[in-house]
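Please find the structures below.
Look for chain A in each of the two complexes below; its partner is chain B in the first and chain C in the second.
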Partner chain A sequence: MFTILGIPGPLLFGQLLLGVINGAFYAMLSLGLAVIFGMLNIINFAHGALFMMGAFVSWMLLNYLGIGYFPSLILSPLIVGVFGLVLEKTIISRLYKLDHVYGLLLTFGLALVIEGLFRNAYGSSGMPYRIPDALQGATNLGFMFLPNYRGWVVLVAIVVCLATWAIIEKTFLGARLRAATENAPLVQAFGVDVPRLITLTYAGGIALAAFAGVLAAPIYSVNPNMGSSFINTVFAVVVIGGMGSIMGSIVTGFGLGVIEGLTKVFYPQASATVIFLVMVIVLLAMPRGLFGKAV
Partner chain B sequence: MTGFSRVQMIGVALMVALIVLAPSVLYPVFLMKVLCFALFACAFNLLIGYVGLLSFGHAAFFGMGSYVSAWTIKHWGITAEVAILLGGATGAALGLVLGWLAIRRQGLYFAMITLALAQMVYFFCLQAPFTGGEDGIQQVPRGKLFGIVPLESDMTIYWLVAFVFLAGFLLIHRIVHSPFGQVLKAIRENEPRATSLGYRTNDYKLIAFVLSSMLAGIAGGTKALVFGIATLTDVHYSMSGEVVLMTLLGGLGTIFGPVMGALVVTAMENYLAQFGAWVTVTQGVIFMVCVLAFRRGIIGEIGAKLKVTL
Partner chain C sequence: MLEVKGLNAWYGESHILHGVDFEVRDGEVVTLLGRNGAGKTTTMKSIMGLVPRREGSVRYNGTETVGLAPNFIAKAGIAFCPEERGIFGSLSVSENLMLPPIVAPGGLSVDEIYTLFPNLRERAGTSQGTKLSGGEQQMLAIGRILRTGAKMLLLDEPTEGLAPVIVQQIGRTIREIKARGFTVLLVEQNFRFAATVADRHYVMEHGRIIDMIPNAQLEANMDKLHDYLGV
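Showing the complex of A and B:
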């Protein structure tokens, strides 16, 4: 067995992998928050609850309808995305003329309702979701054993994050979206249906959270609290990265996951708080966040 | 002179009368819980209602105040009033640090930063040895007031709690109606303009934050003595959410709103406790209804009906 800085290699790489996986979820969730914030000017506090809902929907698809992991990777985000669409149309769209704080309060309430309903129906103990057969087992990389499913999660998360980036930065739809974020009335004057764009943005951000939820289901058990345990950290990630740039959210998410993983190796007591400490340092050094624009 | 209008004077008199009479009808421990949360909500309202700052991390001050009061009275055997004041001092000190960090950003970022910082405090409490982790600090004695009056009887400590609440309530009223409070309201209405008039708005915001967190710490410390226990529930972010709910439901920026909100939310939790997670669902629904259709809150609506400021 080899060691790095006095730490056994497998331990170091194992924690690093866990860190990258957490980072993948931070990246996907903060990305959705950033996109929604850019367009709707609300902090979607229900993001964690909808992430959890994504995991639950895939569990339900499997246990009630016998639909497996891979189809539900598409179906679950679609279902939750439609739910988001309805939410935006019926409730959230009423808030755009109000102080932004109300958006936060409303979505906080929404998160309580969703989590409470799932806790009533399924308890809070959590239910296992089996790793699909195709992704069972592990691969020997020489320096460590990589469980196939975890490798898959990292790979898919990177692809999805880059695809989101590409859609927003490189396509015509993304260009309209960015323009509407900059100056909605002007874009509307050019004949773009901005309200529809807003609805789609919200649904898209929600679908992204639900997709992350499906990926998370086999790793963490499916339980009603899985979202709220993530979302507070994700808020710190968002503060650190600033919400100005898509690539910034992705880089910050993965980077902080790695930092958290390394802390688990070198100073485990601080692993739960390290991201918040980074946030404090960033606030002191560059209050706008690493990639943030002026408010 | 007092800063209260005539209608508000009637309101205060009514409230004091209710506080005095209520324990002969209702269970004093329940009333004390209401009063502790009412003080907590009033402290929170000082920030959101008069400075326009939404802190989503007030559980940190409430919870740490509760831990410190419980620990000091249990292990140092100090008197009750000192323990409560230490809780307040803890809240103020923590508020100074967290507030100093959080006021660097405004609006929604401020809310997210306070939430994240409070989460850090939560993880600290989860791991630190003195908090007792998942068990919390249990069997906290109520101690003696000034070292003389034993507080073991519910009715004796009730008067102490009532006094602490009223003192805090009047202090907040005094702050809001002082020249300092006028500047706070100016910051709420238009911060750049307040800055251009020569006010160091960040200093004002920080002082308000410290005052608010001090009162939250006092509320937490008092609650720890009443129930003889300080646990992670008090620092958890759902507690921060609860105080937001109380204030929102009662009426943001009203004098009596947070008290009314604390009463309604605490009563609801008591009656719904047997239904498990339905409490959470109900709270969520109230949040949504308040935001969508009831933004003035109970007291705010009553005030609007009667055309008075309550």
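Showing the complex of A and C:
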């Protein structure tokens, strides 16, 4: 068995892969948070709960309706996205004129309610979701065995992150979104239906979280707490990357996943805290985050 | 035709406009003159629906717009170029230009806008709209609303802080768009500039219109105007 820096290769690469996988979820979740914060000025604490809902909806689709993984990848984000749309229209939109903290409290409350409902209905022990047949097995990369499903998750996450970045930075719709983030009243005075744009942004961010939830279902068990276990780290990612920066969220998400994975190899005791250590250092050196723009 | 009657506006508890009455006929260039704080900018923002609370009547081509959200007022054919220009730093120059949606046919093409403002053509690739000079930003702010097909333009102090040669260019532009049938409501501090482009001048004080002077009679009313504006 070969070793690197005195660490067995398979262990190192195994943890590195776990790190990249976690990083993929950090990236997808923090991306949605960043976009929502930019448009709505709300720190969406319900993000983790809606991620969990994405996983649950795909579990329900499979177990109640016999709808498999691949259709779920589309259907579940759509269903949860519509749920997000209704949330925004009926509840969240009432808070835009108030201080940030009300949005934070409201979405935190929503997260507790959503998680509570699922805990009541399904308990908190978690339910398995089988890896689809097409993605079973593993591939020998020479230096390690890569489980096919995990490779798929990393690949899809990268594609989805880059597509989201491209939509926001390179398209006409994205230009409207960026402009509305800067000066919403003026964009509305040009004739753009900004309230609708805000609703769609929220629904889009939520759909992205739900999509991540579907990807996560076969890796982590489907349980009501799966969102809250991620979301603390994701908030740290958003803070480190810089609020409102799209590429920043992606790079920071993957980067911190890897740092976390490497810490598990070299100093496992610190693996749960290393991200917050990075956050403290980054905030001391660069208060706006690594990719934050000047205000 | 834009008819403003009994327009009142508030920012929180402050009552800024106290019954503003005036009209702008199709094809006219009309200015609002007045000292700082007279309510000129608030009048424009109230027409556009950008104040927290307004009452009274603003009719454009017969449509009552008080009570409409800003996007519907824009779709009725009124376009706004704010005093601070409102160029977006997160958008490139061409994205800034293309941002306002087309609301009606008959707007200028991008090429015609570049012909009016040749500087913009050279700077179209600039990645951040806010990297342009003040004059170029003003050209961009005016140019982008000429594209939309809106025929009623609200220009809030388009010459503020600009070099004389740019002020002249903006004056030429206003005369050019008037010749093309646009209607312009212009807020100006500089009535010497206003006199070169406008048909009529309304004078504002304390949130009301206190006088109207046709441009032809401006010279005869110079003493009165100096008195109003305190210059």
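One rule holds for everything that comes next: the second predicted complex is superposed on the first by the 292 of 295 C-alpha atoms of A that agree within 3 Å, B and C clash if a C-alpha of one lies under 4 Å from a C-alpha of the other, contacts with A are read in each partner's own complex, and residues count from 1 in each chain.
Convention: contacts are C-beta pairs under 8 Å (C-beta built on N, C-alpha and C of every residue); 3 or more make two chains touch, one makes a residue touch a chain.
A quick note: this is a predicted structure, and the numbers were derived from the prediction, not measured.
Colleague: Of the two partner chains, chain B (first) and chain C (second), which one does A:115 touch, if any: first, second, both, or neither?
Modeller: The first partner, chain B, only.
Colleague: For A:167, is the partner it touches chain B (first), chain C (second), both, or none of the two (neither)?
Modeller: neither
Colleague: After superposition on the shared chain, which partner residues are touched by A:176: those of chain B (first), chain C (second), both, or neither?
Modeller: second
Colleague: Kindly classify A:187 by the partners it touches after superposition: chain B alone (first), chain C alone (second), both, or neither?
Modeller: Second partner only.
Colleague: Is A:60 in contact with chain B, with chain C, with both, or with neither (first, second, both, neither)?
Modeller: neither
Colleague: If you stack the two complexes on chain A, which partner ends up touching A:239: first (chain B), second (chain C), both, or neither?
Modeller: Only chain B is touched by A:239; chain C is not.
Colleague: Across the two complexes, find the residues of chain A that touch chain B and also touch chain C.
Modeller: Common interface on chain A, chain B vs chain C: nothing in common.
Colleague: If you look only at chain B, which of its residues touch chain A in the complex?
Modeller: 54, 56, 101, 104-109, 111-113, 115-117, 119-120, 123-124, 126-127, 237, 241, 244, 248, 276-281, 283-288, 290-292, 295
Colleague: Which residues of chain A touch chain B in the complex?
Modeller: 37, 42-43, 91, 94-95, 98, 100-102, 104-106, 108-117, 119-120, 232-233, 235-236, 238-239, 269, 272-273, 276-277, 279-280, 283-284, 287, 295
Colleague: Given the complex with chain C, which residues does chain A contribute to the contact?
Modeller: Result: residues 172, 175-176, 178-179, 181-183, 185-195 of chain A touch chain C.
Colleague: Using the touch definition up top, name the residues of chain C that touch chain A in the complex.
Modeller: That would be residues 48-50, 69-71, 73-75, 79-80, 82, 86, 88-91, 95, 98-101, 103, 145, 148 of chain C.
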